[in-house]
Every structure is written in structure tokens, then in C-alpha cells.
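Each of the next two complexes has chain A plus one other chain: chain B in the first, chain C in the second.
Right after this comes the complex of A and B.
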């Protein structure tokens, strides 16, 4: 192993230093150190990554081929049986309809985030204050948000009393029917993640050089034209990233519905269903398979999306 | 294949083999009761779900009392809030305390791998209740320190304001009484605790009290729980009717268990299906709210067999000794002392695990009314659990009852008979596929 790395380093050195005066070759131990330094720096993050991300994933993949119940010391290899069960039971995939609510909500969320990011990138009074207001929800723990909104949607809770102040008397159980409950939950999710999208967009917008706007203004472009021809193309990579995040996010919604309704009244998502399979019905094997399938679905969606909208370099000049 | 893929594949393979390997087991150890209390020694850790009792020092008091008989044993408590979830994971190792409550998730057939035996059932069942629940091949692996009887907790004042003084004896009568409460008082006739979920699972404890049959669990394992006239069908139909007739809170999706306690104490809620264990909590809430704790009443499921009510005695968590414990004698000493002498059951107004002990005061009305207390035969308990998990119905989980309540209040469309028949079909199909 060490030999090959030094060889590589030696082979690379001349090409990397074209045109520069060739430095005197360092003594062997020093060269070794130089080769090892980046790896030493990488040691801690890589160890953490492997222990807490890749090992559990490998483990999960392994469990997905067994009939393990989560505690029993005994487990049997069952081949692809779990996957076969998963794909022959259409009821397990019906929960993806619920993701539709979150997908629709995330469209709304992206549009709103883009709107706010654009407005706040211009000179607006109390700009930083509004930035803080918009970003703040993202900093709150998801579980806490779940509890807060449970009171919010309660019969006679915050939402009802605010509406009452505005003169609207509602007698609605916000989490009462599947449609209403899913819409309410998706709205909470918009409130929570709007800030993240907003900050991403704002960062991208602010990295666009300011003289472009000046030039545009001199040419008589209005705000919409500035957005359409300068901002929109400028933030395209971030926009496509956000879309990917939103899609994979809506496929794997978990904390908010889990805390607020526990998946009752038609709000069960794929992840909640998986958690229930694993921890309620002790089908850890099947649940692992479901998790692997979700991972593959998300990867596939991302791949398709990248194919449809290739991520080419942006050139504003 | 280039070098990188080779590396990735080997790493992956190594990880797989390292992570899924499970150690061997030491099956069949026994935790013998010590002969001489003064000679038992060692430090033991007791895992418990009663975080409240550890925080307020009650458990320490028990331990001090225990040390009067066993001076050389040091007892430490490890109170765990998410008991089920956390202990389940710890049980993948050998380090899960010396004494613990058996988590519900552990399958009965695995008990001999995890816990030391306490003796034969033939012998223990002479003195103790609930031995059936932890017996594998004639040996007992755990003992519940207290028992409870399921039933309706109700506010006596509200019920008598509505003109009801006698316990209803049929589901129809019960519904009429709730309707009377709705029309004559301001109270919510029945509170579902839908949001907190687990109170809904308590409805499964009705099983046995309608048919008055000690073999009710065997009935679940071998028959259709939702057949016409079966216990669970009777219970689920009653729950459906209560919700369907609008005799419940306005918005079940945002109920609150903690808040429901003072509300029933103050008479804002009339009835909840819970168990005898809840009486002490509601009385506590009444004291705090400044109302009369004696208003909290307790009644059996409205069904009678030849003129008597029946109620099922249910164990709490069963206490067991870790098979890997280094101080099994000390652990066993604690378990025995806690079951027999601590007064834990009496302190909780609960049913004592000792067959010879009298009924707790909470159950006095039951005694007076001649309610028959049943000890269910749990030989088939493990089969029922595996059918339940395999079919993903979850009679001990809240999901299907939440669906039932949604159906009853019209949030989802469907028909009660279809719903229950579907459950029955799923259940019996799974039964057949498991070969029982």
C-alpha cells in the first residue's frame, strides 16, 4: 500500500509542477509524511462516517435478507424473500399518495422561498430581521415543532382563536379527516423548511456580482426582468439541488406526522410505516428491506431528475 | 475490477460479517433463592419503567427496607423513560441489569435465553398469580409484582346526575347511559384518548370478560376474535357505537392524556376505559384539583354471564433475573422480596401477585357486586402475539382501533361489519399460514 502511494506521488509530482523550477527531491521519510498528511486529516471524519453511516447502512442491507425480529439472538437468512413480500404487497406502497401532499407543499415552499430570497436580496428595510424570522423555524427541533403545532391545531387552540380574532368562526377539526390532516401537516412542514430553502437561494443570489444589476438598471430592466434574466439563471444549480432535496424529502417525511398524529387518520408515510413494521410488529428484516427500497427510489428519482435537467455550468457574462 | 472496487467489496463484506454476528447463548441457568439472607452479597442493578418512583425516592425506601433483611446486597435503580425501546436494544448485549421488567417485545420462546428460571410452574403457581404468562416448558421466568383489572373509570357524581346509579349490564344499556349523560350534564360522556394511542389498546383487555372464559387467550389463538358474538367484536362494536353516536370529545385527534386526569376528576369527562391501575392516578388528580377522590368510580365491562360480571386479572410488567447476572442469588432475593414483602402492590392499590392476599380497596365494589375475577390461561399467549405481529393487525397496538374510531366518526368511509370481518379474515388467514 505505502509503495504504491509513493510511486503515485512521485509520478504525479512532475506533471503538477510544469513550468515551475523542479524542487530538490525530499528525503524519503519526509515524502512519506507528505503523502500521509491528508489521510491523517481525513482519519477522524472518515472514521465517524464509516462507523455512524456506512456501517449501519451495510448492517441494514444485511438485515434485509434475514427474518430478524429486532431482539432475538436467532436470525435466519431468507434470501430475497423480504423484497418479494414487499413488491407483492401493493398496500405497502399506497402510503406514497400521502407524499403527494408534501410534494405539492414543497412546490409552494420553493416558490415562496424564492420570492422572499429575491425581495430580501434587494435593499429592504429591516432586511436582516426578516431573514432571521424566516430562517428561525429551521433551527427548532422537529419534535418540538410537532408538539407546538399540536396545540396550534387543537380544538379551540391557537389557530382557532386567531381566526376567531379575525372574525372567522371555524368549527373544524384540523387533523380530523385525512385531507385536512395531511394538508395541515404539510403546511407545518412548509413553515419548517422554508427557511432552509430561503437561505440557500439567498446565498446563491448574493454571489451574483452586483455590477450586473447596475448594468441592467442602466439598460432599463425592471425587477421582474432582472429576476428572469439575471437571478434565475444564476441560481439554477441551487434550484435543482433544492428540487432534489424536496422530492426526496417528501418521499421520506417522518418526524412531523409521527409526533403529531402517529400516522393515524390517513397520515401514514412510508417511513412511519417502516418504523411501525420494525418496532411494532417486530419485522426488522422486512422493514430493512423497505428502507433499502426507499433509498433506491430516492436515488432513482435523483438520477432521472439529473438526466432531465443536466447541471451545466452557468455563465452570466 | 479495479483496486477501488475490490477494497469496497472487502470492506463491505467485513462489515456485514462483523455486524450481524450474534454470540452464543447460555441457556437454562437458574436463579436460586438464597437460603441465608445474611450471606447473600453483591451489587445489583434493577431496570425499571417507574421513573416517577425512582425520582421521588420511593424505590430507595424499598431498597432500604430490603437491606434490613439482606444487609450485604447493594441495590441500584436504573429508571428508563422509553423502557420498551431502550431495553430492547440493550438486550442485544449482555448488559441489561441484574433484575429487569421483561419488555413486551421479547418472544416467550426466547425467555430461556435471556432470563434465569425462577422455578417450576407446578410449584410457583400454588402461591403466585400470573405464572402462566412467563412459563416456557414448565419453568417460570418472571413474576409480575402487581396485577390490574381492566374496567371503566367513571365519575360517580356525573353518572348519578344523569340518573344512573346501577352499573349497566349490556352494551346497549351502557350506550343509553352515556346518552343520558350527554343530554343531562355538560360532561363528555366518553373520552377516547385517541391521540395518546395506548389507552385505545386497553380495549383488547375486554377479551375474556364477555364470554367469562378463562380460555379466552386460547380462543384468540385458535378462533376468529371478530366472529359474531366474540369478545373483541363486542368490545369493538361498543367502541364504534360510542363514537358513532357522538358520545365522545369533539376532536379525538388532539386529545391529551395528562389533561384528561383532572378533567375526569372535575366531572368534565364522565367515563374512560382503562383499568384498576388508573384509579389511584385519577384520585391523585382529584386531590390536586380540589375535588372529592371518592367520586372516582370503577366498573366492569357491561356484559354478564348468568347474572354475574366477569373481569380479567392482568399482570403488569413481569420482573425477571438476567441470565448473565453475576449475582443471581442477590437478584433473586430482590425479586422475591419485592413480590412478597415490599407492599408495592398495596401501595399502588393494585391486585397482589399472591393468591392468598385480599382484593385491594379499589376493588371493594367488585367484591360487593360479586364480580368474578378471572385468571386467564396464557399457554397460547405466544401464539397470539406472533399471529398478531405476522398479520400486522396489532390487537395490542393502537393502529386498528384508531382506524375504527376514524371509521366511526366518519373521517374514513366504510362499514363496521366489513371492517371487522376483514380483520377476522386477515387474522384467520395468518393463523392458517403459521400452521396453528
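Right after this comes the complex of A and C.
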């Protein structure tokens, strides 16, 4: 969709930029002024971008080679020591396994989102109601979600009451063991983020022209075949985007476990650990190294996706 | 039953099941928020109806003792400045990039493009030091500048929209003697209204919900926003689930109202925001 507009814009840009054909070459100061105009517009945006995105990245890389504690004026260059510590101290690296729970959950989440998007793209009664219900959790404040589900999982809370109604008596502390706690938290994350995936898929499916289905139906294609040969290819770009968002999301989980368990009982994620290292234990150097590692992984994942799906519309100008 | 009818029933069953899964945890919290302390002490279960359906006492407690009024005020200030700034910055960037050719344009575009890939959570360790060195730590300005300065998604949204505005409009105005700023202010900006609406909605909801940035940068209790004030319920109200629930409902309610009023814009906005 953007591709064609881009080309047009690119073709138009030079003329639009120099403006209307000049009757005579403008005098020097005027031309200088014209050259400066775009920079005047870009001054504030670029300043903010550099100060709050690029300077932190540069600083972070620099800190990661030091033993800085974040406060004292003194810091020492320690080479790759922080990185060595990160990869050799098993307790620091173990938190990555927690991401596995969220990754597994996001597979489920994508499948469920695809299913609901597909059935709601056909004519279903109360379609808007179901669409709204499925999407709404995505809009809810994360802290509120944390409390809603703390209550849900607590002893004698919502979940136990429901199971009691169904005749199942449980005495389980849902957030009590690492496996159970991580599974529960990953389930909360599915509850929260399913809606976004669902709406993205639904949008992609609905942008497929309707007469394709009609033609397929005339040719005797059933619902599964329609999904396989019309819907699936149509949503490929959105699907690949979703996969990327899920992977980088699973690696940088923070809010739900931090609010609900504070990282206790083996639910600490990589970001929680980094935040604790930096702001509780004042190990800015080590925390920076951890953040650099995470950043590199996320960028690598994105790069791989861009290579696998090259026709993605990621052009900016 | 025919095969079609079975399939149809299964479809509706799955939709109803999903609805229950989404709404049940929320319903339980709403019910709990209406219960008195005594009811909570009695072992009635989370799904039991409260004795008095109009018992709003917990809401008053949550609102006053939880300092929700100042939280809503702080959030409103941040929203106002952050959204205003984002709209200005995003539209100016989009105008400059789309309507001008200049040296290093490719580099500038690449800078914005790459920044979109950097997940904000990872760089906060170092961003914190920069915000601190500006003396913005523990002030409302910290989240405001961070929300303004690191929002690449809205630049994308504006850029797509600026492209769709014909350049002949600019040229006509230029012939009438308008300079670049007049064109931006009088022609481009007013025509960007739909894009502005999208950005305001998406940015508004994500800012309202953000926890990480206010939590890191505004530890003072006076500077609590919705998220951090609600988070602080954990301490003083410890096991008082009826108060915590009331607080959670108070936070969710404005979102629900906005969602019901602006549904269509919200779907479109988040779709544009995510697929860029």
C-alpha cells in the first residue's frame, strides 16, 4: 500500500522541494535561508532523538566496559569483564529461560488470535461485541491488570471460586512455585496482548477483496481451503510482524511480573534483573552490559525477520 | 444436526468461552470493590454478590487515601504536554522529510528508522543518567520529554499522511508568497487532522497506561500518576482487596468510556501504529 505512494512521493520530492519554478535565481541570502528551512523544522525532533535515544545507547555501551556504580565520580575501565560475568554467572543468565514461558505463550496467543480473526471476519452475530471484548484488555492499565490477576490467582480468589463452582477443589498456590507462577504470568500476558494481534489479523483479513472468497466458493473451495489459499497469503506481512513483536516482547517482559510478583519465586525476567542491578544494587556497569546484550539480541531478531520477509513495507521516505 | 450447524455452534461456543475468560476476572474485581470489610472477612468467595450493590464506600477510600485525585491531575498534565509535543514534533518532522530535499536527508531518515527498532526498556539504564544530568529527575518534565522525544511511531503516521497531501497545494501557496512556515501552519497542519486524531488517541492511551517511565523517574509520592499511585496501593491496603479492587476499577473506567465512545478510531489507530 505504501510502496506506490512512496515512489510517487520520491518522484515528486525534488520538484516540491525546490518549489515553484523560480523566475530568476534568488539572491544569496534567500537561497541560504531556503537550505536552512528543513533543518529548522528538524531541529527539535533531531535534538530529542539524539539526546534521548542515541546518546543513551552510546553511553550504555561505554558504561558496559566499566565498573561504574551510577553515582560516584570515579569509574574504572574493566574491559569485557562485565560481559564475562554475565555469561558465566549462571544466576544472571538463567533469567533468559523465563522468557521461554512467554515465548511459548505467544505461540498460543498468535494461533488463538488467528482463529478469532478468521471466524470474526465472516458474518457472525454480535461481531462488534466480540471484537470489542477481545480487544479491550489490550487497552487496560498494566498495574490494574496486575491487581486484577493477583486477585484472580490468590488463595480463595476468582480462579479458586470458579473451580469450586465446577466442583474442583484445589489447594494450589498458583503463584507459589516457579513453574506454576511463570505459567500463570504468561497466561496473563496472553490475556492482555491477544487483542492487539487479533485486531491486526482482522484488519489484514478484511483488506482482502471480498470477491476472492466468492470466486473461491464458486470453484467449490471450503472454509479451510479459503483460509489456506486466500487468507494465509494475505496476512503474511502482518504475521511476520507479529512474530517479531512476540519474540522481542517475550525477551523484554517487565510490567506483569514486576507488578504481580516483583520477580519473586523464579519469575524474574531479564529486564527486571537489569533494573534491579542498575537501581537497587547500583551496578550500572553490569546492568549496561546486560542491556547491550538484550538490545543486540532484539536487533538481530529484527534483522533476521527483515531478511526473511524482504517485501515488508518499512520504508520511511 | 448438519455439519454446518455443528460448526456454527462450535464457533459461537468458542466466542462465548473467550468472552467469559476476558470478562470474568474483571467482573470479580467489580463485585469485590462493592463489598464491605466484613463481607470480605466472611468466606463468601470471589464471585458472591455483594450485599449492597450500591456500596461505593471503597471507592471513596481509594480515591482519598489512595491520592487518586492528584494522580489524575498529574496524568492529565503529562498527557497534555506529551501529546501536544508529539503532535508538533511528529508533524514537523514529517513535513521536513517529505517536502524538502536537503543534504544528509538519507542519514536523518535512517536515524529515525533505526531508533524505531530500539526497545525503550533496554536503554533506560543510560537514559536515566541523561535525564538526571538535566536535573529533570523526579519532576513531571522527565516523562514529558521522554514521551515526546522517543515516539517514532507517530512520525510514521504523520509521514504517511503528509505524503497523501498533494504538493500542488504547497506550490499554489508558495506562488501567493507564503513561506515554508506559513505553508506548514496554514495548509499542512490543518489537513493533518485525521492523523492528529489517531496520534492523540494512541499516544493518549499508551501514556495513560505507562508504568515503567513514571515509576523510574518520579519516585515522589506527590508526583504519582495513575499507574504508580495504583501500584502504591500494594503497601498500605495490603490485604484490603475491596479497596485495591475499587482503585483498579477507577483506573479502568476512563479507558472503558473512551473505548466505547471512540471504538472505530481506536482500532484504526492501533492498527496504523503497529503496522506502521
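Quick notes
One rule holds in what follows: the second predicted complex is superposed on the first by the 250 of 317 C-alpha atoms of A that agree within 3 Å, B and C clash if a C-alpha of one lies under 4 Å from a C-alpha of the other, contacts with A are read in each partner's own complex, and residues count from 1 in each chain.
By our rule, a residue touches a chain if its C-beta (ideal position, glycine included) is under 8 Å from a C-beta of that chain, and two chains touch if they have at least 3 such contacts.
Computed from a predicted structure; not experimentally measured.
Contacts of A:279 after superposition: both chain B and chain C are touched.
By the touch criterion stated above, A:93 is placed in contact with neither chain B nor chain C. In the superposition on chain A, the chain among chain B and chain C reaching more residues of chain A is C. In the superposed pair of complexes, A:73 makes contact with chain B only, with no contact to chain C.
Of the two partner chains placed around the shared chain by superposition, chain C is the only one that A:259 touches, whereas chain B remains out of contact. Contact with chain C, but none with chain B, is seen for A:196 once the two complexes are overlaid on the shared chain.
Once the two complexes are laid over each other on the shared chain, residue contacts for A:227 go to neither chain B nor chain C. Within the superposed three-chain model, A:157 lies in touch with chain B and with chain C [touch as defined at top]. In the superposed model, A:213 makes contact with neither chain B nor chain C. Legend: residue contacts after superposition of the two complexes on their common chain; A:53 is shown touching chain C, with no touch to chain B.
Where the contact sets of chain A with chain B and with chain C meet, they give residues 54-55, 59, 63, 70, 154, 157, 279.
Of all residues in chain A, those touching chain B in their complex are 54-55, 58-59, 61-63, 66, 69-75, 150, 153-155, 157, 173, 175-178, 181, 261-266, 276-277, 279-283. Across the interface of their complex, chain C is touched by residues 2, 5-6, 8-9, 12-20, 35, 37-39, 41-42, 44-46, 48-57, 59-60, 63, 70, 115-116, 119-120, 124, 128, 130-144, 147-149, 151-152, 154, 156-158, 160-162, 164-165, 191, 196, 199-200, 203, 237-238, 241, 245, 248, 252, 254-255, 259, 271, 274-275, 278-279, 284, 287-288, 291, 294-295, 298-299, 302, 313-314, 316-317 of chain A. Against chain A, the residues of chain C that register as touching in their complex are 11-12, 14-15, 18-19, 21-26, 28-29, 32, 43, 45-47, 88-90, 92-93, 95-102, 105, 108-109, 111-113, 115, 117-119, 121-130, 145-146, 148-150, 155-156, 159-160, 163-164, 167, 170-171, 174-175, 180, 184, 205, 208-209, 211-212, 216, 226-228, 230-231, 233, 241, 244-245, 247-248, 251-252, 255-256, 259, 263, 266-267, 270-271, 274-276. Interface residues of chain B facing chain A in the complex, by the touch rule stated above, are 12, 15-16, 19-20, 22-23, 25, 85, 88, 91-92, 103, 105-107, 110, 113, 194-195, 197, 250-251, 253-254, 389-390, 392, 394, 397-399, 402-403, 406, 409, 411-412.
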